[in-house]
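In the two complexes below, chain A is the common chain; its partner is chain B in one and chain C in the other.
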Partner chain A sequence: MEEFLQHIINGLNLGAGYALIALGYTMVYGILQMINFAHSEVYMIGAFSAFYGSRFFNLTEHPGWGSFFAALALAIVACSSLGLLIERFAYRPLRNSPKTNALITAIGVSLFLQFSGQVVFGADPKLFPSVLEDYALWTYGNVQLRLFDVTILSVACVAMLLLNFFIQRTRVGTAMRAVSFSFRSATLMGINVNTIIMVTFIVGSALAGVGSVLLGLKYSKIDPLMGTLIGLKAFVAAVLGGIGNLPGAVVGGLLMGLSEEMVVAYLSSTYRDALAFGLLIFILLVKPSGLFGQSKVEKV
Partner chain B sequence: MRQLRHVLVIFAAALVAQACTKKNEGNAPAVDEIRIGQFGSMTGGEATFGQSTDKGVRLAIDTKNAAGGIKGKKIKLITEDNQGKPEEAAAVVKKLISQDKVIAILGEVASTRSLAAAPIAQQFKIPMITPSSTNPKVTQVGDYVFRVCFIDPFQGPVMARFAHDNLKLKKVAVLKDLKSDYSLGLSDFFQKKFKELGGEIVSEQTFQTGDSDFKAQLTRIRSTNPEAIFIPAYYTEVGLIARQARELGLKAILLGGDGWDSPKLFEIGQKAVEGSYFSNHYASESPNKATQDFIKNFKAKFNEGPDGLSAAGYDAAMILLNAMERAPELTPAAIRDELAKTKDFDGATGKITINGERNADKDAFIVKVDGKTLKFITLLGP
Partner chain C sequence: MSSAPRKSVLSVKDLHVSYGAISAVKGISFEIFAGEIVSLIGANGAGKTTTLRAISGLLPCRGEILLNGRPTSSIAPYNLVTHGLVHSPEGRGIFLNLTVEENLKLGAYRRKDTQDLPREMEHCFELFPRLKERLKASAGTLSGGEQQMLSISRALLSKPQVLMLDEPSLGLAPRIVQQIFQIVQKLNSEGITILLVEQNARMALKVSHRAYVLETGKVRVSGEGRVLLADPQIQAAYLGH
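Showing the complex of A and B:
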């Protein structure tokens, strides 16, 4: 029982990370009906900007909340700017061309960033700076709840609540929902669609930045190809929850994290990555619209 | 039709380009140099393996060249990076043989990558020496593949004996890497011997190279209360595993093999690896004169102390150079025959004799992680 509880804690942590990244996929899909494959590299760049930033500002010398939030801010700024650049220079010129063009460009941008990362940062793994000291907050028998666990879960929750407030309660958020509902009608209502798309990329990328710092702290290792697998799993999480649906991405991410942890614990680590793709195939076969997605009828 | 013409033009251009490169190749090998190829993981998750080995190899070759080379010819080392990937290892070894025309090959550290390259060296009959691949299958590929280190059927039992006899442990858990031939082999040999000695393997968990989350496996291991965890893996994963084990409150001693040897182990593992033991090819405190000379020369050249893989790389290169010196002519076949005759070579990692299976008969050093250094504990024979 104690063991099971610990697996739940581990799984929720991993899942919160997936959820933050999955939100970025789902937001862009909701507005542009396009899968932004470069999103996983935005996540990678977030981790590296926190790495180099905390070196530059000597954040590891005074580990604590100040340093933690400074690293978080660095990653958020770097990710948002990168997301903005990608949208402006890679996707916007293709706005009116067929969807496949944008999709292939996304894969291209993703590969470009991965391999530029290997050239610029070096291919060897680096250690994420310890900007926050970890210790056990609560122990019950063998089960430990540590500061990192609580931090990851609470920061992720706050980020998601802020996102929810932003989308549901602000003017820009309302405009976003309008654009996602109908591109053309939104334009007719006087909404500047380009601005809204830019904001979508900024917010989605910022969430990936938050995820990169949280998972970096927890699992310590970062390298230029770290985004690939985690990005794919987050994408599956988004599909699982119903792509385009925000609460769906969160639930999908948590489910992915929990089930991955359980598979490794009670079956074998061989199935760790197989699980994600097995799930993807299963969803596509049984409920292609995902847990919370609505199936739309496409008129020809 | 027009498209077909384009395709044909491209095809013709490719043929011309290929003809040109062929011509260049023929002119390439100069007469007055001996070409030795080296392949290693200069980048990637095990980058320090390739870089350390390379330093040892370069030290050996530069020393030889400064002393006049072999048979009046200078030695040229051509190094290729395989990024830590087996498929790259096979590709670069093919390139070294067919394009650079090397007459001998040094490499790799990781058994998985040595195993990917060895069949190619064997096929072209170019002698290949691995400095530190310990999986027994590597030299079984053929009579052109050698190694200058001990093998896992020796290293595993040594660690089992050390755990049982010296540390008096009874309950050990194992955490092994499913993607690595080295890890699987070492884990099997360790478990077999440890059970034979009367110990108990309380849990066996697996992971895969490149994973960064080991909490599920470690939580399982924690529930069985082992006194020690044997982790036959490479330093990046070992460091992360050690950290996460301590985070989960596991206090068990960590044990491992020569794959732990890297300065990065301390950087990644930090306090978590303190007090762990592993078996290695070399210890800097060894009283052996050849070892101490090697350390002195290495420090003079690179301004830092060598690790075990540098020492193994140095020995592999020295054994190759000595065989070339003895060979009547500089052909791959003659060099191979002399390599097989290597006996009582006084290397940086101890006395090396190449046995009938083209492996080295050697003792293993047990070292303990003490701050940022490795403390020599004991020397164990077969």
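Showing the complex of A and C:
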């Protein structure tokens, strides 16, 4: 039982990370009906900018909240900028071409960033900087609730609440939902669709930046190909929740994290990554619209 | 109408629009003066909707469109609303994923003078009390008639100088159709210039100062609404006599 509780804590941590990344996939899909395959590399760049930024600003000399939030800010700024650039220069020129062109371009950008990462950062894994010191906050038998666990869950929670507020309550958030429904009708309202798409990429990428620092704290190893598997799992989480659906991405991410933790704990770590693929195939066969997705018909 | 010099609000000259190889609008010209209700009537497929879309900058086109004397090609489509050109499109253009209230507020998305907004919303509710009851409801749950009311109200909150309405009576019960046309006249009397697209030619001609009859992408005849209403050829072709 104690062991199970510990797995729940770990699974929620991992799931919160997946959820943050899944939100980026689902937001872009909601607006452009396109899978931004480069999102996983945005996540990777987040981790590396925290890595090099921490080195540059000597953040690890004084681990603590200041250093942690500085690393978080660095990752957010780097990811948002990269997301913006990818949208502006890779996707926007293809906005009116067939969907497959954008898809292939997305894969191209993803590969480009992976290999550029290997050239620039080196292919060897690096240790995520210790911008915060971990310790047990609460111990019960063999169960430990550590500072990192609480940090990851609360920062992820705050990020998601802010996102929800932004989307549901602000003028730009409302415009974003309008654009996701119809470019044409949104334009008639005076909404600049290009600006809203840029905002979508900025916000979605910022969330990947948050995820990269949180998962970096907990799992510590980073390398230029780190985005591929995590990106795939987050993508599956988004599909599981119903791609385009924001709460769905959160639930999908948490389910993904929890089930991965349980599979490793109670079956075998061999199946850790097979789970995501299995789940993807299963969803696509049984309910392609995901848990919360309605196969909505959009009128233009 | 009086012979005093009239101010041209919207002027369309030799407009051509095609969808790929299909030419939908083939050299349409018309003009709307301040304070008028002008309608474009014609059979399904005549090119009415295409004309409005081109005016709103949603479709590439050839020809010239002047809004208060200024070529609209020099204005980004999403900025047209700030120049007073407001379009309630075919299909009503409601965001079915938003609430009624959010849809209404998007009408005022580009307005700076938002302090008048609550009063103007109340004005809309006087026209359409039903909307007030459904304010918090998802727009996806509205009936066709309610969606039309929402579309018109939302357009009003954009503070139009020229309001383009694409088939506001489509699919509505006769009683509501009557009401919509009355409101069109009321808005006009409040100073809004109106470009009305209708298949319901009889109603449209009754309320319009002038009208243009479109046929396969061209203007076939134009004239005063009541003159066209009495024209035997128009009656035979469009009014079901």
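Methods note: the second predicted complex is superposed on the first by the 296 of 300 C-alpha atoms of A that agree within 3 Å, B and C clash if a C-alpha of one lies under 4 Å from a C-alpha of the other, contacts with A are read in each partner's own complex, and residues count from 1 in each chain.
As a convention for this text, a contact is a pair of C-beta atoms (placed from the backbone, for glycine too) under 8 Å apart; a residue touches a chain by one contact, two chains touch by 3 or more.
This is a predicted model, so every value here is computed, not measured.
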| query | More residues of chain A are touched by which chain, chain B or chain C? | reply | B
| said: For A:Arg177 in the superposed arrangement: first (chain B), second (chain C), both or neither? | reply: second
| Where does A:Thr187 make contact in the superposed view: on chain B (first), on chain C (second), on both, or on neither? | second
| query | Taking the superposition as given, does A:Glu2 touch the first partner, chain B, the second, chain C, both, or neither? | reply | first
| After superposition on the shared chain, which partner residues are touched by A:Arg169: those of chain B (first), chain C (second), both, or neither? | neither
| First (chain B), second (chain C), both or neither touched by A:Leu14 | first
| field | Common interface positions of chain A, toward chain B and toward chain C | value | none
| said: Looking at the complex, which residues from chain B come into contact with chain A? | reply: 43-45, 47-48, 83, 178, 205-208, 211-213, 215-217, 219-220, 222-223, 236, 240, 243, 247-249, 267-268
| remark: Counting only contacts in the complex, chain A reaches chain B at residues 2-3, 6-7, 10, 14, 118, 122-125, 127, 134, 136, 139, 142, 144, 146, 148, 219-221, 223, 226, 261-262, 264-265, 268-270, 272
| note | The chain A residues in contact with chain C across the complex are 171, 174-175, 177-178, 180-182, 184-193, 299-300
| Which of the residues in chain C end up touching chain A in this complex? | 56-58, 76-82, 86-87, 89, 91, 93-98, 102, 105-107, 109-110, 154, 158
